[in-house]
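As structure tokens, the structure follows; a few thoughts come after it.
Order of writing sets the chain letters: A, B, C, D and E. Residues in each chain are counted from 1.
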Amino acid sequence: MSSVPLSAFLVTALLLFCMGLYGALTKRNAVIVLISIELMLNAVNLNLVAFAKYGVGASIRGQVFSLFTITVAAAEAAVGLAILIALYRNRATVNVDEMNTLKK
Amino acid sequence: MTGELLVFIILFLVTITGGLLMLNLTKVIHMVMALVLTFLGIAGLYIMLSAEFVAVVQILIYSGAITIIMLFGIMLTKHTEAEPKTGWAKKGVVFTGIVLFFLIMFKGIRTISLGPQAETLHENNTEQIGIMLFTDYVIPFELVSVVLLVALVGAVVLAKKDEEDEKEGEQS
Amino acid sequence: MNDSFLLTILILSPLLGIVLLSIMPGDHRFINYMGVLGTVLPLGLTLIVFSLFDRSLSGVQFKEYHQWFELMTSISPNEPYTVAYDLGVTGLSVLFLMLASLITFLASLTALRIKESAKGFYILFLLLEVGILGVFASENLFLFFLFFEITLVSMFLLVGKWGGFNREKAAFSFLIYNGIGSILLLIVIIVLFVEMRTTNITELTMLLKDTDSLEFLSGSTRTWLFVLLLIAFGIKLPIVPFHTWMVRVHVEAPIAVVMIHAGVLLKIGAYGLIRFGVGFFPEQLKEMAVALAILGVINLLYGAFIALVQTELRSVLAYSSISHMGIVLLGVASFNTAGLQGAVFQTISHGLIAALLFLLVGVLINRFQTTKLEELGGVASQTPLFAGFLLAAGLASLGLPGMSGFISEFLAFLGLFEAMPVIGAVGVLGLILTAVYMLRAVLAVTFGERRTLFDNNRDLTAVELVPSAILLSIIIWIGVYPQVLSNTLQLARTLGIGG
Amino acid sequence: MDMDTLLQYQWNSMMPEFTILLTAVALSLIDLFMNKKKDRSLLIWLALAGIAAAIVFLFLQFDDGVVSILNETYRLDSFAKAFKFLMLIGTGFVLLLGVPDESTSVRGEYIYLILTALLGGMMMASSADLITLFVGLELLSLSSYVLVGIRKNNTLANEAAFKYVVNGGIATAITLFGMSYLYGLTGETNIYEIQGLMGSDVVTDNRFLAVFAFLMIVVGLSFKITAAPFHMWAPDVYQGAETPVTAFLSVVSKIAGFAIMLRLLMVPFVFAPGTREVITPDGVNYETLLVSVRPYLVLIAVLTILIGNVIALRQLNAKRLFAYSSIAHAGYLLVPLAALSELVFDAVWFYLTAYLLMNIGAFAVIHVMSAEEEVTVASFAGLFKRSPYLTIAMSIYLLSLAGIPLTAGFIGKFEIFMSALGTEPKRYLLVTAMLMGTVLSYVYYFGFFVQMYFRPSKHQTPVTISNGVTAVLAITVAGTVLLGIFPSVALTFIHDHFQFLEIFNQ
Amino acid sequence: MDYVFLIPMLPLLSFLIILFTRPIYKKAGIVGTLFTGAAFLCSLIVLFSHFAEGNYIVEANWFSLDTVIITVGLEVNPLNALMLVIVTLVSFLVHIYSMGYMANDERYATFFSYLGLFTFSMTGLVLSPNLLQLYMFWELVGVCSFLLVGFYFYKPEAKAAAKKAFIMTRIGDIGLLVAIFLLFWQTGSFELDVIFEAAQAGDIAPSLITLIAILIFVGAVGKSGQFPLHTWLPDAMEGPTPVSALIHAATMVAAGVYLVAVTYPLFSVSEVAMTTVAVTGGFTAIFAATIALVQTDIKRILAYSTVSQLGYMMLALGAAGYTAGVFHLTTHAFFKALLFLAAGSVIHAVHEQNIFKMGGLSKKLPITATLFLIASLSISGFPLLAGFFSKDEILATTYGDGRYVLFAIGLITAFLTAFYMFRLYFLVFSGNSSTEARESPSVMLIPMMVLGALAIVGGYIQTNWFGTFLGDWLETTPYSITFVHHEAPFWLPILASVLSIGGIALAWMMYVRKTTSIKESNERTGLHELLYRKYYVDELYQVVFVKGSRVIAYFWMYVDRFIIEGGAAVITGAVKRFGQAGVKLQSGQVQTYGTVAFSGLVLVLLLIAVLGGYF
């Protein structure tokens, strides 16, 4: 029996998730917004891996799931950044606040 | 205090510090670097959770690939620019919401215990994953390749500078 | 089950006109005449239906039944909800059919004046007729609703394109209010459908009468359904305070459309209230009779009082319609043979009278370019025939004996006095007010000093005279020999009430 | 697992997916090696051929019964088929919209990204495993992000794509977070396994966590189906994207979202414990999770209907207006779910069919109009004088969207009303919201009529319509009217081929 | 008697023929006269056959109301046989007269068609055996009156008068209508005999009968111009004078009296109703007479006189004097029609209606003057003329019924009547003439002569000296009415004669001898002004009812505009506001979107946690 309980990992993940979310919702730099989202996905992964070890009928599935998540997250980061670069090329800004021409 | 717990606390602190630094630093580059810390901390936690393979992948992809991509992103855009300040009101709303969310979830997981831990995870961890991937999860595995293809194509299409570079109309 | 396809043919007969019109080039000089011809066919067919209608039989005639579609739930696929294409007429609906095709025909004549996009106008006009005929020939709530919505759309376009200065606002008012009404109606239909698994009107009437059905629809649900129906048709009728749209439409819409609107469309409200309100929920109606009667009196007096101070003839007539529809409510509320019969008579009678009045208003606009009362006066000297008709129509409207308005008001109040004498006593004040505002308006146009402004105006032309004369003679015919209506109506049989 | 085991699975059940995948890959290769200057319309026809082939394969599977392979990660049941069918048709229309004419061109990437997005959607419909589901979802999402931003020189498109990525990313993260708890509480990723485990003591003890997990998953999916308050990205993205892409997002993507939402609601959570205790003869028990969260689903549905319709009233840009309109329609579609009606599958499927036809049609009209200028509501002024047939088509879509009888939209709405009123107790709140929403929607839908028929036009020339769009218009108009007049075509089709209840079979 | 139906049909035919045949436009008078004359002949025959055959009734189904069959029919009984003769006779005479009087009017034919319609309606009214039918014709005569009053439609006064006539009578009609409703639900029938049977069998509660009777009387008040609904009748003089003679003197206005007489069995069971009738009648009689004292318009004086005389009849009916009332109705028809026709003749000659601008016309218009004198004497109750007998009968009845106050009022009214009639006569005909005038053509004079003869001899059908033919005959009515015939006290005829002659004498002194110098017409003060202004009743009505209803109307109009439409506007505004707020929230900021979405999630989580008992 491990001396570190499941909930410790879960709380860590929750904290990371919250920080990621906070970053995604408040940071002005678009790159940071994207990377905050990655942080949230990391929190998910941590959850999955923790559950894989300590969860009900613990199994390797959680780890597999997290691998998929990581892969997809990477893809998402790439696409997000590509979009950002295209945007930057046209607008010369990465400030999220200035991306508000679409509203009416 | 067992050694395991000590390791956990250190990793926990590394992880959270990285996150907090990311949120509070002003320079964009520094933020990304702070996050590397977090990613590494998480990798450490994975090892604690008998997920060696995932930990390695984590270091490779996050601390490696994604961070590099992001740094490229920052370099390609205005990298010197410091993060502008966000209005307090907005921050306040977001912060309150997140605190509430945290509290609600925290209560649910604070004392959670779901049964005995899996003992065999660390044995041939990579093999187990491999077997799983090629039995149950063949379809998503293959599908992920399509996802990556799409990401590849997308990134190329979007980020590449067109030769003809004809500016389309501003209107949709 | 199927006697013939007569009703289908009747309902779809205006489509022939639509098709012919759409293949005619838009600038053809016979477009308007084609449009009028398009309404002749349905009129003829209605006359056939009307004369073939066997007045000695009870129940629904010319029944047509085809299963249309079934709605199956995945959970219990063996109990489908069946929607049928289900036509038929009762004594009540055959009268309304007659009214509808007659007034549509006459209105199409007045539309001969329309120059701008006449083709589109007549196409929509005929579409409107499809809707109206369908509403009255439906033996099925689903179909009823379908045709109801057709009238909604075509009216919106007719008012919005060919109306007066504020036409778009009027069109939207119409749309919103009637849209609300139609959806409330839809809700009622669906509740009945899911509970009773049928939308056939006669079947529903029977089922709802059966006390066993209480287990499907509790008393309070029925009350709610009745209230919804009341609002749905109350908007159409209209019941105060849901009337503002109707005043706008009366004032803004082109005359041919107002004729149909005042003459037939508002009557859908009365028809629905009588056929469904009375037919489906007699107990609820009885419970709420007093409230309904009070609403009726409010309508009657409210409309009358406001009509008293309007300065524009069309507004007067609009509020007059509200007032007259109050009498329909009173008749329904009294819930006895006299009252209900009065309500039906009033509906039909007002349909004819309102159509006549608006026909004449159309002439007025054509000749004098105004309907403002203070700008008119003394037209009797130049256009005596017109003035005579206007006066006659006004007198009919205020319920002069010998004209249809009298017998309907008489019956409605007769019924009301049995059920609720006190409300009746308040209500009769409305009859005095009707006389006051009607005479005020009509005399302001016809009597008094002649305005030299309008010299050399032609009296009624043949194309105006004929419809006016037809309408007036029917009004008088009904007034002198009301049995012509009650014979066909067979109210007790139609609604299954009164023994 | 060796090759034999691998081959013993009924891989043919994935034929439609394989077809789409192969077509997409083939197209990407052809595009790569094709002369840059060459017209890409050939690719569209190839893609359409692929879709046609996929539809044929799908048809061949129609009466197969439930097939599930690879330990239930992939599942082909009637439910999946029904929704795949719609997605294939919808994508076909979207591709047709993109067929270029003399003056326009099309990018190769556009074509195969649409196909990959479709593939993602189809996988979602068929997935019985959270991982498959997630990967499918992401395939759809990523393809859509790229599609939205594909006009990379258009700032609006860039911005739209970026917004989409950020919001989509957050939504994905939240969904995943929820899924991670779901996995944690059951130790399974297969939703049918999860269903069985939901009654366990662990879940009962942590039932709130299960509810939260559920809600977080719902949030992610609400984002896909543009339900309030997770809808706000939609107007911006719809406006910024190319019109065919908008059509894709508002139709195919939404269908996929509803497919997965229905499956998740009905399968894993159907027996899960809810928050409230109920006393049963067997002792204290819990009401089911669905019953517990129903009020919140109702809330979401009501908000979606009202917000969509109310804000649509204020829109001037046609695409934005239709974005809000499609939000409102998502609200209508949520009604049967929130009512937990027994009509839920039938009502949602039929309404999606109707919605597909009328919404694609409407976007097709906007698409042709957008050749000239930014399409505002006022751009429709006098359209009847310019292009009468186009106007009549648009009128039919509008009537259908407004739910006027004789159109498919009416029958759909009728079923939705039935679903809300056919339950016990009757869902009056939902009905009231539908009522208000419908009446409000009359205002802006009929506002188009005012423009098209009543107002004078700025231009005199007819709108030019490409052949592909003409085909779309013809088919959607015919479909809208046909399903309005003879709904039994679709209704018996569902009945004969789609036993939605299969979704519950293990 | 099966040709009774011809009596209404002939005038109807005349109406229709004139209405639809423009070619014979100029012959309209002749057509109308012929048809009406034929109707008159029929009436006479009917009257005489009634002596031989008794009552007659024929009915046909008209309309079915569930199980109740509503019929239409024709009934002849003494009362309506008499009325028929009066109506057709006066109508016939007026037709003849009008051929002269209206000869130069461009709407000559229209006029005759209206007359035909009126005659049809009036005879139909009289012949009705049931209340519904009666009511229908009752309204129809009202319309004819309206049309004829407004015949000179281009005159604003005529327009106003027509409107007033219609509306005021309609107010009364509503009373009648309500009475009919109540009766129907009490007895299940509109048939008069069924109703009377029920009433007298005590099937209807006494209080209800009183109410019904009073409501019927309200109808009569409206039609007969009784106080307080009298104001329309003087204004109705805007119509052509023959119309005034026919409708507003002899026939239609008497319909109110007729109505009370027809429904007498109802009244006779209710003392309260009887008293109401008597008091209203008595009051109206003196009230109108006082107004007539100071009016200057020849026709208005006659109009107020009519009101007063109708009040007399009501007084008689209310005092149980069925015969007396009907008798006075008959004689009044003759002399008042004559008065109007003669006045018409004067107006025709001088084109002037103000009596102070006339004078000395007896020389220019000798025949007219003579006939006018006869009629004046008759109405004043000059001994041995028609009015004398009928008025005596009324006074006797009132006295005999013990209504002494009303009796006194009757006496005073008789005196006043004599005075104002002769004030009129002397001012118009005596003295020296200054105006040009020619005697009317014989087509106008002959009908007047006929009426003159009747005004002289008409009273002899009911006298205490020769026999009470009328009373005896009326008693053969099918309904059981208690006929009370009071023998007049011997002094009554003498007193009445004295008062009548006294009135004439006073008028003679004031206006011919001018012994008492009263200057009229310019400065009026006090009582005189009050009377001249007709007790300000019109002004009062103007303020209370016309203004009052307009105030209510405006109130509702503002409710309509501001509350109802405003309410709708508030709702639309609210929706717009919400839309605006939504648009504002849609700021284009991607993070706002995320925040809103996330807040939504948190809110739901919070709700479920709090409501579910998580915390």
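In the analysis below, a residue touches a chain if its C-beta (ideal position, glycine included) is under 8 Å from a C-beta of that chain, and two chains touch if they have at least 3 such contacts.
None of the values given here were measured: they were computed from a predicted structure.
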Labels of chains that are neighbours to chain B and to chain E: A, D
Of all other chains, the one whose Cα centre sits farthest from chain A: E
By mean Cα position, the chain sitting nearest the middle: C
Greatest separation from chain B - chain, by CA centre: E
Mean-CA-position distance for chain D and chain C (Å): 43
Between chain A and chain D, centroid-to-centroid distance (C-alpha), Å: 26
Euclidean distance of C-alpha centroids - chain B vs chain D, Å: 29
Gap in Å, rounded to a whole number, between the CA centres of chain E and chain C: 37
Sequence positions of chain D contacting 2 or more other chains: 131, 134-135, 138, 142, 145-146, 149, 152-156, 161-163, 166, 170, 174, 184-185, 202, 208, 212, 235-236, 239-240
Chain B: positions in contact with at least two other chains: 90, 94, 98, 101, 104-105, 109, 112, 114-115, 137, 140, 144, 147, 150-151, 154, 157-158
Residues of chain C touching at least two other chains: none
Pairwise touch network: line, ring, star, complete, or other: other
Interchain contacts (touch definition) - all pairs: A-B, A-D, A-E, B-D, B-E, C-D, C-E, D-E
Chain A-facing residues of chain E, complex: 583, 586-591, 594-595, 598
Parts of chain E lying in touch with chain D, wherever the complex brings them together: 575-576, 578-580, 582-583, 585-586, 588, 590-594, 596-601, 604-605, 607-609, 611-614
For the chain B and chain D complex, residues of the former touching the latter: 104-105, 108-109, 112, 114-115, 131, 134-140, 143-144, 146-147, 149-151, 153-154, 157-158, 162, 165-172
Chain C partner contacts - residues on chain D that touch it in the complex: 342-343, 345-346, 399, 404-406, 410, 414-415, 417-418, 421-422, 426, 431, 434-435, 438-439, 442-443, 446, 449-450, 453-454, 486-488, 491-492, 494-495, 498-501
Contact footprint of chain B on chain E as seen in their complex: 591-592, 595, 598-599, 601-602, 605-606, 609, 614-615
